[in-house]
Amino acid sequence: MLFRSDNVTAVCDEVIAAILAVNRGDAAPYGADETTAQLAGAFGAYFEARVSVHPVATGIAANALSLAAAMPPPGAAICHRNAHVNTSESGAPEFFSGGGKLLVLDGAHGKLSAEAVDALVRSSSPDRMQSAPPTAVTVTQGTEAGTVYTLEELAAISAVCRRHGLVLHMDGARFENARAALGCSPADLTWRAGVDILSYGATKNGAMCADAVIIFDGPHAAQLGRFMGQRRLRAGQVFSKMRYLSAQLLAMIEGGVAERNATHANRMAAKLSAGLAAIPGVRLLHPTEMNEVFVFLPEAVRAALARRGYSIRPRPEDPSVVRFVTAWNTAESDVAAFLAAAVPEAVV
Amino acid sequence: MLFRSDNVTAVCDEVIAAILAVNRGDAAPYGADETTAQLAGAFGAYFEARVSVHPVATGIAANALSLAAAMPPPGAAICHRNAHVNTSESGAPEFFSGGGKLLVLDGAHGKLSAEAVDALVRSSSPDRMQSAPPTAVTVTQGTEAGTVYTLEELAAISAVCRRHGLVLHMDGARFENARAALGCSPADLTWRAGVDILSYGATKNGAMCADAVIIFDGPHAAQLGRFMGQRRLRAGQVFSKMRYLSAQLLAMIEGGVAERNATHANRMAAKLSAGLAAIPGVRLLHPTEMNEVFVFLPEAVRAALARRGYSIRPRPEDPSVVRFVTAWNTAESDVAAFLAAAVPEAVV
Amino acid sequence: MLFRSDNVTAVCDEVIAAILAVNRGDAAPYGADETTAQLAGAFGAYFEARVSVHPVATGIAANALSLAAAMPPPGAAICHRNAHVNTSESGAPEFFSGGGKLLVLDGAHGKLSAEAVDALVRSSSPDRMQSAPPTAVTVTQGTEAGTVYTLEELAAISAVCRRHGLVLHMDGARFENARAALGCSPADLTWRAGVDILSYGATKNGAMCADAVIIFDGPHAAQLGRFMGQRRLRAGQVFSKMRYLSAQLLAMIEGGVAERNATHANRMAAKLSAGLAAIPGVRLLHPTEMNEVFVFLPEAVRAALARRGYSIRPRPEDPSVVRFVTAWNTAESDVAAFLAAAVPEAVV
Amino acid sequence: MLFRSDNVTAVCDEVIAAILAVNRGDAAPYGADETTAQLAGAFGAYFEARVSVHPVATGIAANALSLAAAMPPPGAAICHRNAHVNTSESGAPEFFSGGGKLLVLDGAHGKLSAEAVDALVRSSSPDRMQSAPPTAVTVTQGTEAGTVYTLEELAAISAVCRRHGLVLHMDGARFENARAALGCSPADLTWRAGVDILSYGATKNGAMCADAVIIFDGPHAAQLGRFMGQRRLRAGQVFSKMRYLSAQLLAMIEGGVAERNATHANRMAAKLSAGLAAIPGVRLLHPTEMNEVFVFLPEAVRAALARRGYSIRPRPEDPSVVRFVTAWNTAESDVAAFLAAAVPEAVV
């Protein structure tokens, strides 16, 4: 299971404590409880902005609800070909939006470029009925290639969005890892960079089952937030015992837990990446900018790992390409042992 | 909050213990973990049948996924006018099914009658294109009126379903309360009664956020189960850290927790119902058969309760009609105090 | 086939002539042709307003596209229980809207009352997530009971819509019959009465396959019209050879064809209704206000008609209740002969 | 308008005659008429097979209804990146299927290869919930590159479909052009090649507004045909005056009209293609196999055409690339004049 993903981990102590703390007495259902009432204030302070916070069970739910609001029928959303929403959600955006279309672009190292987005929007004139009309752009931060959009790159994309009236959505399943990598504030990485709506990921970063749709004040806030409660409820995403979900979210942003967890994971990935890159024949496929390492492993290295009992899960399309993911609780000693095992004997 | 609903309660000790027990080490994500692997066996034993078990976060998700499978486009489902799926899910069945239609019937005390279902199906000939074709029937057990279908009533409805090739779905948000009321086995109340697919409710009965779609072996099992994993995932209902969801479900059916909790709630409702019915002017609107009491409260009783600090939530359409719900942790002393408070002074 | 429906008729000469007139040379596809370019002007003049006109193949398409625009997810629409959109479109509104819900009300003679609409909206607070939030009201003019809303009744309903920010949609499959009955202008019956969006029916009134969504200037026009072209196209409702559809619509409103056809049909229905009502035992179930007659026929009358070779199609739920529909080409002599045949011998 | 598309043309005489021929008397609505009753027999004879025929207004409707039946939720369909269903239907397949996903493949000259389809299916294991599960393959015959699948190529793709239990859909907007190119029978090109469901295009080939979904007997026929009437009706695709639609379809396949029209169009394209290819600097981008010519035009040729009054519509992404389409009524003299005009003066 080592380095397989950050969603294989258990739940961090602070989140467990928060769940146990709210487990007393009755509480009004469906989010009318006192814990949930703290979300807007706490996340507002965290993001230095007026926000609405909509807790959900999974990152896919956060993405799909966000995109459904951002591409009302017959709208479409622009995304990277390798975006999680396109490759790994079994059609969730299409389903939640009542048949909305993803307009797919390529881009190096998992990133959309502002130029490509602009060109696509320009080519699909609103008068050309055959093209599904783009109403949103979605970026994954950090990306599916383990890279992180710079604030400048985000600003360029959001400028294109503003120019064409498009919503900018951020899939932040690893938002805190990206933020730790950039060393910027939550505000800098979101509304100050032009993000209208965020899928905030807590589950991978140490929570149990807690992500959230966060809508920032701005030109699209009214449309995005309209009937979001009913939208979530009809999607089966409004927990009757909501306090247990809200408590997880609060625990993550209070006391620096989210940042601490993400920073640790990133540090472990940097160690792993550097160690692997030093092995002859190993080649990084993307820069290691947060907690994921994409790497070409020559046969000798794979054989060495296998001999020492490490099972690795190669990409289906090319067994020499592997993704390693570190997490909030990755042990430094595990990284060291793994790196030692990866060195082929001949080399030693 | 007293008697407001069974979803205002905290989580019972056994479920908390189960969650803490799985909170160690890594586990494969998306349901490939060892805890989840036990579900089919454990629920198979519980239901004395081959079943597939699909954990979800909420009862609405369980219902909507079940109905989406049971009424593939352009199918429709027959339900009671007051069914939760029709009145309280903000259009979830229509949404999950890609626009499926609910065909609504009336019926005394929250129950569909086999005759009415049969007549509706007969009137919508498959050749009459204007009518959405019924492919499923959904019953709520126990009902939204606090009543419980007898096994004979269920058998009659399922006979109609079999005759016309319809799927029989059971919304079991309070399945265990209904079962405790009937004193029958899980098998008796489901597949032996002709139920093809069940929304099994654990949340109201003491869990944190755990319900499940359960598909029974039978003529419709293949259709209902086809790609249920992808169906759940694209609905944002597949937890990456699934073990925490599966552990709750296992905790409920192991060691008799579900039955114990439901039996207690039913007993409290019986006490409450009998006590209220003994107050002059109070009238039960439906028989109290499980853990819900529907009652007409004269002004004097409402005033008495208010004076003694009890806030009650009347039905929007008629302030003299109130629903009381008891739960797994309702204190017998709370029932007694409430009944004492409900007696108008003049009467004393 | 006599009196079975107004959609059993052939196409009137003026429409055939218009189709043949555009059948020459090439024309730009998908509505970029010169015939289609005339629609906005011609219908604008007809309705004395700025309108956008979206031709479609069927009345169901017009209704479903209108409602999809009027109830964007997760919105709902209020309609009469017997509304065509609820009973006879196989779930089209639910499908086109991505799972939108119809909120159903009763009302005498096929009409919604402003009071009932108001009460329903008030009961579904936007904060109550369980209820699908109403965003539109749809009225059928003339109704499914053969009656016609007065301008005052429409004004009262539209006042409720304005108060709550709801879109008012009119299903005008028999718009011209209703208008002829009221003797008012197209403007009076639509935007002056507060209608935001209209399904304009031409097919039943003498065309071949031509209805249209018409959006009136007003507070909801921008939302309703947004990407309506793409919405229609993705629904398979944008004819590549659009001129043949547009020509039908123009032919209907030019030279008074629509009014003439509708007036004739209404007159024939009045004769039929009066003649039937004069037969002992016959009872009108609704006032005959346009081109439909709903009538209770005693067994003797049904027998007399059968003996003289008239086949009538009773309602499935009650064979003594029959709907007769007259059309643009109903022959006065057919009405007379039918009435003569309906008189039981004993009476003669 | 010359060579812009085959949908700019008027309607051929035989279709007009057929429409006028049915324009008499009453006819039962919604397809219960005598003309529509002939469809199954006539198309059955045409295809030498038992078929069900479902007339619709547009090719997009035919494709989207076919795919919705072929990829019931949460299914997906495999298509070429340039397939009309992916690029030019504004998301119709996603919409009609309730959020189904298109899985996109590249391939030379607009064709899918059996190998690529097989590899994609193998890579999306039914147990991998993140991937939308492919349940169908759709091929366009002739393709969006003006090429035509050989019977061998189709057989290879259908073998892959059979192996994996997938439905094979053919978008036959230019079915007759492809068939004329191959010189095979309708049966050879469809069910004998493994096609389960066909969008049969008549509009581009000389009709007014008539395409059809045709389902062939076979392993998937029951699923594909289930409630197809209601599916069409709720999509607004069941004409009340269906005879006018059915008459067009019958006129096309009777008396060899479809074949004659398509053969002529193909012959004109061959002439045009050969003539253009002979001009220095002109390069064919795809083989001209039916009635479309994709060509690179050097600046000198474009200038020559412009000078002589020919307006050409270049591809948005590259003004030197042009598609020319010939039609059932393309005049040989127009081809000759155009070719003469395309020769730059310097060359002459």
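The letters A, B, C and D name the chains in turn, as written, and every chain counts its residues from 1.
In this text, a residue touches a chain if its C-beta (ideal position, glycine included) is under 8 Å from a C-beta of that chain, and two chains touch if they have at least 3 such contacts.
Here is each chain with its UniProt name: A, B, C, D = Low specificity L-threonine aldolase.
Owing to the predicted nature of the structure, the values given are computational and were not obtained by experimental measurement.
Common neighbours of chain B and chain C (chains touching each): A, D.
When you average the Cα atoms of each chain and compare centres, the chain farthest from chain A turns out to be C.
Note on chain placement: the centre of chain C and the centre of chain D lie 34 Å apart, centres being C-alpha means. Separation between the centroids of chain B and chain D, computed from CA atoms only, is 49 Å.
Shared interface positions of chain B, defined as residues touching 2 or more other chains, are 30, 73-74, 89-91, 95, 97-99, 129-133, 230, 233-234, 238. The touch graph of the protein chains shown is complete. Interface of chain B with chain C (complex): residues 73-74, 76, 87-91, 94-101, 104, 123, 129-133, 316-317.
Within the complex formed with chain C, the residues of chain A that make contact are 30-31, 68, 72-75, 97-99, 126-127, 129-133, 227, 229-234, 238.
Within the complex, the chain D residues that touch chain C are 1-2, 4-5, 7-11, 16, 19-20, 23-30, 56-62, 64-65, 89-92, 95, 203-204, 208-209, 230, 233-241, 244-245.
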